[in-house]
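Look at the two complexes coming up: subunit A is in both, with subunit B in one and subunit C in the other.
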Partner chain A sequence: MHQITKITGYVAIILVVLSFNFFLPRVMPGDPLSFLTGDPGMDMPIVLDEEMRAELLAYYGLDKPLLQQFYDYMLNLLHGNLGWSIYFNAPVSSILIGRLKWTLLLVGTATAIYMVLGIMLGTISAWKRGGKRDVGLLTFILSISSLPSFFLGMLFIILFGIKLELFPIFGAQTPFMRYSTPFEATADIFRHLLLPATTLVIAHIGGVYLLMRNSMLNVVGEDYILTARAKGLAEWYILRKHAMKNALLPITTMIALRVGFMISGTIFVETVFAYPGVGILLYDAVTYRDYPLLQGAFLIITLVIIAANFVADIIYVRLDPRVKHE
Partner chain B sequence: MSTKEDLNRFWNAYKERRLGLIGLGIVLFFVTLAIFAPYIAPYDPHEMYKPVEHPNSDHLLGTNDIGQDILSELIYGSRVSLFIAFFVSVVSAILGTSLGLLSGYFERIGFFLMRIVDAFLAIPRLPLIIVIAAFMPPSIWNLIFIFVLLGWPITTRIIRSEVLSLKNRPYVDAARMLGARDFYILGRHILPNVVPLIIVRLIMEAGYVVLAESGLSFLGLGDPTAKSWGMILHYSFEYPTIFISDLWMWWMLPAGLCITFTILSLTFIGYALEELVNPRLKVVEL
Partner chain C sequence: MAMLLCSAFSGAAVAKEEKVVKVGVGAPSGDWGYPSPFAFYPRGPGYIRMSFGFDTLTWKDQNGVVIPWLADSWEMSDDGKTWTFHLHEGVKWHDGEPFTAKDVKFTFDYTKKQKIAFKWFQSLDYIDHADIVDDYTVVIHLTKPFTPFLADIAGDVPIIPEHIWKDVSDPSKFTGYEAVIGTGPFKLIEYNKNLGCYEWEANKEYFKGKPVIDKLISMAVNDPAAALTTGGIDETSFWGQSAEAASGFENNPDFGVRWGPSYWVLQVIFNCEKYPTNITAFRKALAYGIDRKEIIEQVVHGYGISANTGIIHPDTEWYKPDLPGYEHNVTKANEILDSLNFTDTNSNGIREYPTGEELEFELLTIGKYSREAELIKSQLKEVGIEIGVKVMDWSTMDAILKEGNFFIAINGHGGIANPRILKAPDWPASTFHNDDYDSTFKAQEKTMIVTARKELVGHLQEIIADDLPVYTLYHPKMCCVYRPEKLDTWFFTKGGVGIGIPIEMNKLVFIREEAVSTPVPTMTLPAPTATPSPGPTSAPEQPGFEIVFAIAGLLAVAYRVSRRKK
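Presenting the complex of A and B:
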């Protein structure tokens, strides 16, 4: 029963997002035609005579009743047709598919790193709460989390890319490079990945750290920790076997939920590092007023996030059997 | 117990939080800059002089690509960022709290409103802001509208869950038994108990808005006529030789630091308040 309501919820959210995408260009001030054709209608109006206008309206199906338009839109989506990108002069769907792997690589790498780091540091902090190490870590992590990712990215480019010349400053691969071995290719991709991934890690570690710290603070006060201490078990053993295991439970759902924030965060990071993922497409689309591309990228990002939330739900039920019986 | 007494006690507890005091100090610094900008700034930030000048005695931080004094831009920039953050966080707090109180107290309204909140919270906020902003003509008021539109649901959800636990407390039952009306109970007995939560949320939201506004401006979706810190970063980032020359040191770096320190101060204040409000987190003196 619980599962069914959950799934209905997800279907409803997807419908909301699709309707939002459909209605947005149609309710906003300005000509929906200019949004769909991607010409910057508001800045540089292109004068169309009545006949051309009618022809274009018919081409995009904008002369049909709204309900019919919505039906056609849904049908197109089911066929994987997301419209035509003016800037890239290519179908939006094929651009997105080409870009998604880079975003997933970036987000996946960063998530793995900041989860492990955040959980470790949060545990250390909570174990001796209020101590020098705790206060120091807390202040440090709250401070670095305040750096906006676009600013931090620019600092990294200047420091590690230009002053020290340690890492490439843009792209995901060296252009026109021919790799002699697959190892060389991996190394090149890794070198390009390091700075943007580090930026993401710093931007997002605060959330996990604070959550793990709070979660541990809760667990540390529990009776079973006192019992374990009374039994004379080693601190390290209690920490790992008794405290962390329980404190990690609320973290697991956060992992998948955080993937959503991360994907949003890549918009800035990819833009600064010119990393060819889905996020930078939003920037390109905004810069060139490429509305079909903008909406396509938004749709993909949202769907990935909803999928991540769905996975979070499933994992949580598996990890904590108490949820199932509720 | 009077309100003044409450405030005094609160301030005495807050004073002990070092992070909170640092945060408060930084915020007050920027607020002073924003209020007295015309008296502090050496030039009108829109006035144009010789472009791309290095720092000198006339222009302490040089000039930008169209010759505007960067220091004056920064000082006036505090107005834009702080005004938007203040306005949005206050309006979304009022809206979010009222809806949260209603939906916690009246089950039917709650059920209906929570479905809307669910929909809002399931869609990632930042991409949504970007998409809506891209479809609207860029202006400060449009930005404010978008931020408020997407800001209230979180507050509503937090306040609602608190109201749900408060409304069955004995003192609320007692008030009801004595014939108090629903809105009297909400305003007199429940609202005062959620005020600390609202303040924490408000501070957190202000920090988010500073970040999101500067991010949006950085992407080129800000108000082009407003001098915000994000806008300065946007133009400096688009300048062809920003990274390979020394320009970044006085053009990009100060603007980025202003944004960082504003967010930092709000984060510190938010954390200090949360420790006070949420006894579970209270630091035990060791």
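Presenting the complex of A and C:
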């Protein structure tokens, strides 16, 4: 029963978000045509006369009444058709998939690393609170994490990319490399991934580390830890079996939220490293007022966040048997 | 280094003898759409990339002269409405089919029918229909005489193969392998939208001669100067402020630098319908209050020239010299404003309207030009006008300017080598209405005799300089930096490629054998006077050391704190 209410809840959220996604971009001043036919770049302005303008609007279906467009959009969605991007002149779904795979790779790798590292370091810090290790770690992580991500990125590019020439400085892979083995392809992608992923890890690890540290400190003060110690259990065992599980609860929530926003939030790193991700795509879509692309991108982000929440719910229950479904 | 490793692994993938040239574009651009005639993004670089695979009837050489291309010769009827083209024989499409007159007729009929598919440029309304006389002769009938036809339509519309496009109903969405089969010097091998990369291989049977390189790659890089230094790319271009990076390459024997006109202008747009900017004298006062030299020094560090008040770029045949200028003159500005009764009655440094309110209004612009906007704000303050700078994104500003809901705005655009740009001098606004101007513009489109047409275009510039619907600020300088051992035939086409694209990648660059001698422009651009900034390789020394010291300092602090606790 509660399962159904829960799912209905999610569906309702998705519908509301879809409506927002549709109407909000159209409320912004300007329209897709202003970028399609002229922007203050190096270029010749294409002066549209009324007739051309009307034809273009009709071609993209933008001249129909708003509700009609909304209805068409919803209908297409049900068939899995996300529409056609006006600026990029390609199906929205293919653009999104192309960019999403790079963002997921970058964000996924970085998240996995900083999660594990953050949790480990946070635990070490909390277990020996006040000690040299704790204070050292605290200062170090806080200071490097407070550096803005794009600054770190640029620093890495200069140090490792240009001066030491260890890593490539842009893109997700070497353009048009013909790989003769999948190993070679993986190696190339890995080399392009290292610097941006490291930048992301350093930028975000502070949050997880602090939260884990605090959470752990709370747990360490609990009575059951005292009992466990009184029972004579090994420190290591207490840490793993009792402390960690409890301390991880707030982290789960945090990571679920983080993952959702990371998809769109890595725009700085993507810009600095010219990494073709969804962050930059979103920014471009807003600038170009590319309605179908905007709607598609927001939809994906919403779905990811909702999915992350859903997964977090499930994990939470598994971690903490006290939380039962009513 | 990645390339070395990969080629070591792959061995046969890249033949040793192959000549590959890599052109870099600053990210996030680099992607200009699929290079078929109907799918490229309607921007200069998009057209250029399409033009590598497709040819036009005529083309322009380095000096901007219209030369035969797919057409060997042509004649125009006396009334200017009929053009007969004699096509080059023996040209083949990339798939081996022969090119004939039926392809030309089909191209013009098809593009006219699919009105909005070919987005670069319109004016296909001028075409009435095309007739085939024989396999290599085609006659094009215009609806009315159109002088720029040879350069702007015959030299712009790419000829497409009838046998492929006759079954395509939605050309903008047609993006298969067949969509890029043309007659051009390069065949597209691969296009990656996400990475913003294109790869072409030479068309060895190209009718104008085999290209001098085997492969051409265009890609997006986040820092062109750095990529050029490390060898990731072999050529890139800089303009305006970014041209400072070129100074790091100027005295380096491994690199060549060529300068050219950017055919771009930054201008202040006035609202000629709204008070007080609808008063011509008021606009002139503002012009006298603006200091263009200061803007050029401060914002583009000298990498720009004072703009022609008549918009048309000085390095073209249409340029009318000696137009009235409005050199920075605070006294004159004050005089005019006083005579218009905008006086500072309460002595707070700001003038008032005759009705008593403070003389203040908003200046709209986009993020790119916010520095120019701030400078103008401070300059106009000196003559007693209070300006509020409002920065917004392009789509928003475009909408506001079209509505006419502004006083002044700053915007820039290219295309100023071609008189067609003068149709709407205050684009994207449209508040300037002048009958003499409109009729002169229409007349120059029909005037066949070049000297007469130049007169008319000159008259248009005079009107702009006198009435001042816009006040032009500067033309940025542009250069390309390249590695000569890879390719050194780069040149800037006078008047721009096609209808006026200022890019140094005219197809002729890849077909010529010998290095290009510097073309003689009608106006020698002054050498860059900016103080050279340290090149890209010297800057990175600093941050590395500072960070190491910072971290060391922090660790020391942490250590001392922990010691005190014990």
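The definition used in the following text is that the second predicted complex is superposed on the first by the 253 of 326 C-alpha atoms of A that agree within 3 Å, B and C clash if a C-alpha of one lies under 4 Å from a C-alpha of the other, contacts with A are read in each partner's own complex, and residues count from 1 in each chain.
The criterion applied here is as follows: contacts are C-beta pairs under 8 Å (C-beta built on N, C-alpha and C of every residue); 3 or more make two chains touch, one makes a residue touch a chain.
Since the model is a prediction, treat every value here as computed from it, not as a measurement.
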Contacts of A:Leu56 with subunit B and subunit C, given as first, second, both or neither: second
Subunit A: partner with more touched residues, subunit B or subunit C: C
Which of subunit B and subunit C A:Ile4 touches, first, second, both or neither: neither
Partner chain in contact with A:Ile306 - subunit B first, subunit C second, else both or neither: first
First, second, both or neither for A:Trp102, with subunit B first and subunit C second: second
Partner chain in contact with A:Phe268 - subunit B first, subunit C second, else both or neither: first
Touched partner set for A:Ile13, first subunit B, second subunit C, both or neither: first
Which of subunit B and subunit C A:Leu78 touches, first, second, both or neither: neither
First, second, both or neither for A:Leu159, with subunit B first and subunit C second: second
First (subunit B), second (subunit C), both or neither touched by A:Leu24: first
Overlapping contact positions on subunit A, where the subunit C interface meets the subunit B interface: 28-29, 35, 42, 130-131, 138-139, 143, 155, 157-158, 161-162, 169, 271-272, 287, 289
Subunit A-facing residues of subunit C, complex: 1-3, 5-6, 9-11, 13-14, 27-28, 31, 33-34, 39, 41-45, 115-116, 119-122, 172-173, 175, 189-190, 192-197, 199, 217, 219-223, 226-227, 229-230, 232, 239, 262, 264, 366, 368, 393-396, 398-400, 411-415, 418, 421, 423-424, 427-428, 499-503, 536-537, 539-540, 543-544, 547, 550-551, 554-555, 557-559, 561-562, 565
Subunit A partner contacts - residues on subunit B that touch it in the complex: 19, 118-119, 122-128, 130-132, 134-137, 211, 214-215, 218-221, 233, 237, 243-244, 248, 252-253, 256, 259-261, 263-264, 267-268, 271, 280-281, 283-286
Complex contact set, residues of subunit A against subunit B: 9, 12-13, 16-17, 20, 24-25, 28-29, 35, 42, 128-131, 138-139, 142-143, 145-148, 150-151, 154-155, 157-158, 161-162, 169, 214, 217-218, 260-261, 263-265, 267-268, 271-272, 282-283, 285-287, 289, 291, 294-295, 297-298, 301-302, 305-306, 309
Subunit A residues touching subunit C - in the complex, by the definition given at the top: 28-31, 34-49, 52, 55-56, 59, 84, 87-90, 95, 98-99, 102, 130-132, 135-136, 138-140, 143-144, 155, 157-159, 161-163, 165-166, 168-181, 184, 187-188, 191, 271-274, 276, 280, 284, 287-289
